[in-house]
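Each chain carries a letter (A, B, C and D) given by its place in the written order, and its residues are counted from 1.
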């Protein structure tokens, strides 16, 4: 047992869901948070560290293999040598373009895939060996690899070809990994977030009901729930939406 | 607020999942457990009552409207008058026949629907008014109506026409109710249990891995997790399976 | 080879899709058309017979096993003794109630299942032995059993619990039969009709585009297409909708 | 009306499905066939031209925007100036790697997306303006854009992360396009080919039943069927498999 050393790695941390997930997992593990821009994780890192947890932010471009491998080299040689990963969360957000198909440029289209699918590929390749190490070392909960999906993960729509093709691809990757690494003891799962999340960026969006936005802290609770399931009883997929959402 | 009086009703309680769910919810609510045969719930009722909880078993044929309405009349007039329902779980099991299609009798085929779909219809009609009462009275957690599904809820198979057509029907019902009663504040959800559950009946079933069966207590934890989600962040569907399950 | 004797049986024939399907298959086979009320099939029977085809209408309550077996006894002993069935189409329509869940009566709810699922069960049990006879006798095209679905076959909605639970159940049945009888050479398929069909009953329904309704003749062409696929290349499911339909 | 000038463009033509599709559509239209390697289309071009049809092969790397635009410049300025496209088929095959996830290189993973999703993006951007021109000019059948999918389009599996993430992405793209361009009169559809196709490469693969492989000519018939559907009655998706296939 080496539970104390096991860490959590949260990729795609901004001032919304990623921060909530980091705070939640920091109640139990040292957390590494990754984002391209340090301004995205600075606040949550400080909040966690000043409230008795341990958080380290590492500036990382998840779609760039050099950047990802440099980040994980730092984790495994400097920061937490010999630590297994207890939980790895891929929560990379958007920057995706929503426009009529014939107006898309090739690079706008490619950006969706790079951010979501290639990023998830690189993140999974970096974390899975350390998650498997967690299985070997019998860490407290089944090591977990969780991917954040969206409505567009299961439905293509007009003007959403960039996001939908990326999110479908991400879901296929997560499903393939669940079927390959589940039997090895890693809990791979996929969460479909269907609705507007209540984050700073959406603060001004008003709806008929004041509680019509998804709570990022409740999303984090769901991720923690998935993480703590025993391996006899893994959930692969979960869909989250506000009670008033049409679906 | 009338939280103390809110009750949980678990339909389809035998010596497996239903009992685990009853024990879990009994940590928070008085529970009513329903099964046709009192021998199915006698043990769990005693366990709960002797460990500080409150449980009452009511012999009920869920597919018989007279039996269901007599049970709920007893609940609302004698046992817990004025109590809202905090959680209602439809966990009605099997008794379904698995055989070549051309060998099925009409009554064997109908039995699947009666037990699963008609039973769920009657249970939902009896519990929803009391769940809505829970919304009005602002009970602690969003009142929840949870249905137990199976692999056959999303996949028809050779020799499984009875079970699959019943379980598909049940899922359609739960989805229709989620879309009708979610906006009214009731959390309707559907759990797909995909694999062999570790219950007395399956004790002798041996697999390559000793932890290859789903834990009924972990299923119960999932139902409790669904029940405690805030209404900003409802999950509709969850699929549970052992880590070694092929799917 | 006994191609000449092979017949088609179309269940659920009214002045819309069923009639179109009957006319289409009557170009190749003698057709039997079934409906509860003879007024539903009288016109199409006359049209087919007066234009060189052969059609016979038999008044049948598809949800009543006595009525169904009496119909098939008539077919196999009087009308077409020794004939295999080349194509059997279950196109039973509606009569389903659309209303708030708590206002439904038990018999309104049951009627959906009786008409769709029990009806399909009885029809499949009556036709499959004759479809298998078609396989044995190597009729021209793979004997086909086709079920008509709807949007509600894959999506439950508020106020649609009757129809959705019935149509999900029908789809499960068709999928189970496809997996059981496909390997025996019978082509079982399921067609999701998603949109308003252009039939007498919807004549007055106006849309922004004048060709916004599904053509029943084009539906019939799709059924014929499915019927003529070789068994190396069976389609199980097809979704049909007007080009302007939101989905 | 300019029906005579309308052309078909088939992308991804090798000695299997692509050739069958080209031959089928060549019975009605001049066809352009695209493949990276001219040896892939040489035979079908000759077969079509020598049997009274008109076929032109253009060597094209579908994942390279320069190559795609040079091909379509040639089509629109030299070969068929002013012609609308009646049917465009994206049938790009494989070259995908199937191996344990942790053994995949970044470029092996990217190749799946490049060949399937980026290729389909470039092909759709090149053909949609000419398909819309077909709508305007009221060509005989609704202009059609058809994508070839696979089992992996709807199911991720161990060792299939490359193919599944690419095929899911392709399906998302096709679904987004169907919802954007359907209402403009273009019939976008997606065909899931589930099973082994009977092509030269699989000639030696033996199964228990001799007709256990999908016929490429029957696939082509299905594409033609989709193409000829009227716009009141578009199918979006079709799944094709041999009668003995387990699914």
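Here, a residue touches a chain if its C-beta (ideal position, glycine included) is under 8 Å from a C-beta of that chain, and two chains touch if they have at least 3 such contacts.
Note that the coordinates shown come from a computational prediction; the quantities given were computed from them, not determined experimentally.
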item: Centroid spacing, where centroids are CA-atom means, of chain C and chain D in whole angstrom; value: 32
item: Intercentroid distance (Cα basis), chain D paired with chain B, Å; value: 46
item: Centre-of-Cα separation between chain D and chain A, whole angstrom; value: 34
item: Chain D, residues touching no fewer than two other chains; value: 179
item: Pairwise touch network: line, ring, star, complete, or other; value: ring
item: In contact (per the touch rule at the top): chain pairs; value: A-B, A-D, B-C, C-D
item: Interfacial residue positions of chain A with respect to chain B in the complex; value: 142, 179, 182-183, 185, 187, 198, 211-215, 218-219, 221-222, 225, 229-245, 247
item: Residue ranges of chain D touching chain A (in the complex, touch as defined); value: 65, 100-102, 104, 106, 109-110, 113, 117-118, 121-122, 124-125, 128-129, 152, 155-161, 164-181
